[in-house]
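We just call them A, B and C in the order they show up, numbering each chain from 1.
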Amino acid sequence: MSKTVKEIAVLVNGDVVGDGDIRIERIRSIEEAKTGDLTFVANPKYREWLASTEASAVLVPPGTEAAGKTLIIVADPYLHLGKLLAEFYPEEVCTPGIAEDTFISAEAEVSPGVTVFPCVTVDRGAKIGRNVVLYPGVYIGRHVTIGEGTTIYPNVTIYRRTQIGCRVIIHAGVVIGSDGFGFARPGVGNEKIPQVGYVQIDDDVEIGANTTIDRGTLGKTWIQRGTKIDNLVQIAHNVVIGENSVIVSQTGISGSTKLGKGVITGGQAGLVGHINLGDHVMVGAQSGVHEDVPANQVVSGSPHMPHRHWLRVMASLIRLPDMRKTIQDMQKKIEELEKRYD
Amino acid sequence: MSKTVKEIAVLVNGDVVGDGDIRIERIRSIEEAKTGDLTFVANPKYREWLASTEASAVLVPPGTEAAGKTLIIVADPYLHLGKLLAEFYPEEVCTPGIAEDTFISAEAEVSPGVTVFPCVTVDRGAKIGRNVVLYPGVYIGRHVTIGEGTTIYPNVTIYRRTQIGCRVIIHAGVVIGSDGFGFARPGVGNEKIPQVGYVQIDDDVEIGANTTIDRGTLGKTWIQRGTKIDNLVQIAHNVVIGENSVIVSQTGISGSTKLGKGVITGGQAGLVGHINLGDHVMVGAQSGVHEDVPANQVVSGSPHMPHRHWLRVMASLIRLPDMRKTIQDMQKKIEELEKRYD
Amino acid sequence: MSKTVKEIAVLVNGDVVGDGDIRIERIRSIEEAKTGDLTFVANPKYREWLASTEASAVLVPPGTEAAGKTLIIVADPYLHLGKLLAEFYPEEVCTPGIAEDTFISAEAEVSPGVTVFPCVTVDRGAKIGRNVVLYPGVYIGRHVTIGEGTTIYPNVTIYRRTQIGCRVIIHAGVVIGSDGFGFARPGVGNEKIPQVGYVQIDDDVEIGANTTIDRGTLGKTWIQRGTKIDNLVQIAHNVVIGENSVIVSQTGISGSTKLGKGVITGGQAGLVGHINLGDHVMVGAQSGVHEDVPANQVVSGSPHMPHRHWLRVMASLIRLPDMRKTIQDMQKKIEELEKRYD
């Protein structure tokens, strides 16, 4: 792949500052870029590299200045980087076909155009849509449905009755539809509550490696359209996650909790069960959310509080030993004042 | 399935308030239930739905009132819900048999009545008990023993010498018996300490998806009878978990720590190594337990403290910026008082 | 295996105190050791067992005294325990060979001496070094290279282009090379950024069960020589971990963060993206690191601070309700003093 800066600017609808005829062969990070490379500044942290980068051109946001550098100015460099990466580094496409050593029930329905690698099991009653790709070691349980164009990476397990939409990407080691964690008289009898529900994953969802999503006790656990879930996330029975949410790695969401649209949780966040988070709520990393959060709020801390207040609490917390000392000093002074007065 | 309210009351040994002849076709959550459905109130949070639910009958605890509703009153609605779910929605049972494409060592012992799906490996010296179910992609290492009626879901890995009891349920992606994390001179030489022990899982344990349990360095890591472990839990070498404990998702338990009977840990709790938790200890979500906890205590926080004290600390923490302001104000007032006095 | 205390002392270059002719048959923990056993004291917590242990001999650090006990004195008992465990309990070695039911591309290169179990897939362009062991259910993606003597346990997934060094140990369920979590306009458009980089794992690394390592967006995610990673750890795109680091279970490291050599992170620690930790930094369990940490520092807390300061903060935190009470009392006293003065 080789394109001029001018050609690239057309692709991303950007403005060129500098020499539009320079040829670009590769895309590299600003720390590693050399002559012939396009690089980018999306995170402001990396602006300091602008002066010293050896890149032949840089994708930057409006308002960026860099004397002597060739720039392509776009509204959202990260978004447009994505488009250029797809152009410069197209993924190899699998050749459709069903390998010999697969175990597809005679009572399953498999659409044309699928790619099924060896060691895949598709149990009875399952329906696999057009152009689905199933990598080695994937297990598709009874009565599971998988929509068109979905890709499931190796060693994924989909339990019975799960419904998966179109263009979903499920990374290796994910488990969907396992039994919800429901036991009566916990710590005493631990009697198992049968989990008779299912999981529904809507279109365009992506699920990170080794994430686990339990099926509903009754009814469904539901991941709505466009939501992206990172690696090693735990989603319990009957959780609902609204459209276009972003659940960062190692987050845990307890049973029956409901998230609105566009909710973002930071890494290692924990949400208790049976609460509601409104649309576009943001939860800080390592936070513990213990009650409802209204729409558009940003919360942090464990237990959580409004993010701005949490910043003030943390700024005070680090001074707590000094505060304690000050209190002890004041106590003495007050005692002295009281003595003097008497 | 269809039963009258009266018939259901007999099954759960409950008392009917209202019309015992109503027919029940399904069980649904109180938010979704319609005519013909039985629903339940186990968590008090859902009591508010009682007045508006369209369910034909509701399973409730003693003392519940709901004018005009048909109720079945039982001591523990969640426990009895479990029994009714098993009655209304019996799980399909696998037809026993060993698939062709399995890899069972000639030196392994397999009892009658087992179900072995394709792509299962059973290594030499392993013993598989009666009516065990091994789903696709399960690996049973050398000299592993598995007791009667145990179910192992897809893509589970059981390392060498693990001993698993009867009626154990192991969800997809679980790893049991991996090397404990033991290295001499950590951060410098990282010399590996051979992990020559094993894991013992007793009867009636359930282990959630993608949970990991390391084998002992010497001797065993031991999960005792009736304990239930959620998804994505980490259990290190030589940990002992007493009977009927409940370990919620993403908990981590470090090496050689010992839990008594009926211990409950909240989600994302962390326990350091080489400590003891007494019987029926409860550990709050996201807590960090750094030293022994006597029996029956409830602890929270990181580092942990008694739960009641933690509630008071957290109530103060949120006021910390105000406290700091107050301290500064008081300092000024004291200075003024001192000046006035002089 | 049976050796005299004297013979063992020679193996570990230790000094015998007591009877060097005693025969040792086994190695057991100090809590379980009986006659004929060697045991050890590595963690000072277990020193209290010295007087009562029934072990025939104890491996101890210099300066240890135990009247009437036979001791072997070595500089680092844990390190030498490792050597003796390898001697007393040698692991069974797999017999090399490639099973019939494997799926190795005609365009892959496989060196002599490998062991490949059934249900292993090796995709086109992959290169497998000498004496590599691939357990059942392992998936090796396109153009992956694996160095000599590396062992990969069951159900591991290695995505395309990953480069793995020599003598690496990868435990069951690990996922290496999955897509980094990169989306433009998170919570709104969630447009996927193609992840066109790869993962490089250097020699002598060990990776714990169900850990996930994403590939670089551009360039590589890089785990350097001798680093040991525990179970259920999340390593995001473009992270670099320096030589001989130790990453304890359930740690999460966000994108583009760089760790020096010999860094140690405690369990459930979280590191934000785009920061640098210097050589030999230590991060406490459950800490949240939000900015650069210079070499050799020890940090704790979320957000992190120097460990010693964190200890003081935590000692004050537990007294916060008392501090609040004291402040209220002081306020009253000051008011009274002010009244008296007026």
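Quick note on the criterion: contacts are C-beta pairs under 8 Å (C-beta built on N, C-alpha and C of every residue); 3 or more make two chains touch, one makes a residue touch a chain.
Quick caveat: nothing in here was measured; it's all calculated off a predicted structure.
J.: What is the shape of the graph in which nodes denote protein chains and edges denote touching chain pairs (line, ring, star, complete, other)?
T.: Graph shape, chains as nodes and touching pairs as edges: complete.
J.: Same residues or different residues where chain A meets chain B? The copies count as same if more than half of the interface numbers are shared.
T.: Chain A vs chain B: different; shared/all numbers falls short of half.
J.: Per the centroid of Cα atoms for each chain, what is the distance between chain A and chain B, given in Å?
T.: 25
J.: Which parts of chain C, given as residue numbers and ranges, touch two or more other chains?
T.: Only 101, 119, 137, 155, 173, 210, 232, 250, 268, 286, 317, 320, 323, 327, 330, 334, 337, 341 qualify.
J.: For chain B, which residues count as touching chain A in their complex?
T.: It comes out as residues 27-29, 32, 43, 45, 76, 78-79, 81-82, 85-86, 88-89, 91-92, 99, 101, 117-119, 135-137, 153-155, 169, 171-173, 206, 208-210, 226-228, 230-232, 244-246, 248-250, 262-264, 267-268, 280, 282, 285-286, 314, 317-318, 320-321, 323-324, 327, 330-331, 334, 337-338, 341.
J.: Show me the residue ranges of chain C that touch chain A in the complex, using the header's touch definition.
T.: Against chain A, chain C makes touches at 101, 103, 119, 121, 137, 139, 142, 155, 157, 159-160, 173, 175, 178-179, 181-194, 196, 210, 212, 214, 217-219, 232, 234, 236, 238, 250, 252, 254, 268, 270, 272, 274, 286, 288, 302-303, 305, 309, 312-313, 315-317, 319-320, 323, 326-327, 330, 333-334, 337, 340-341.
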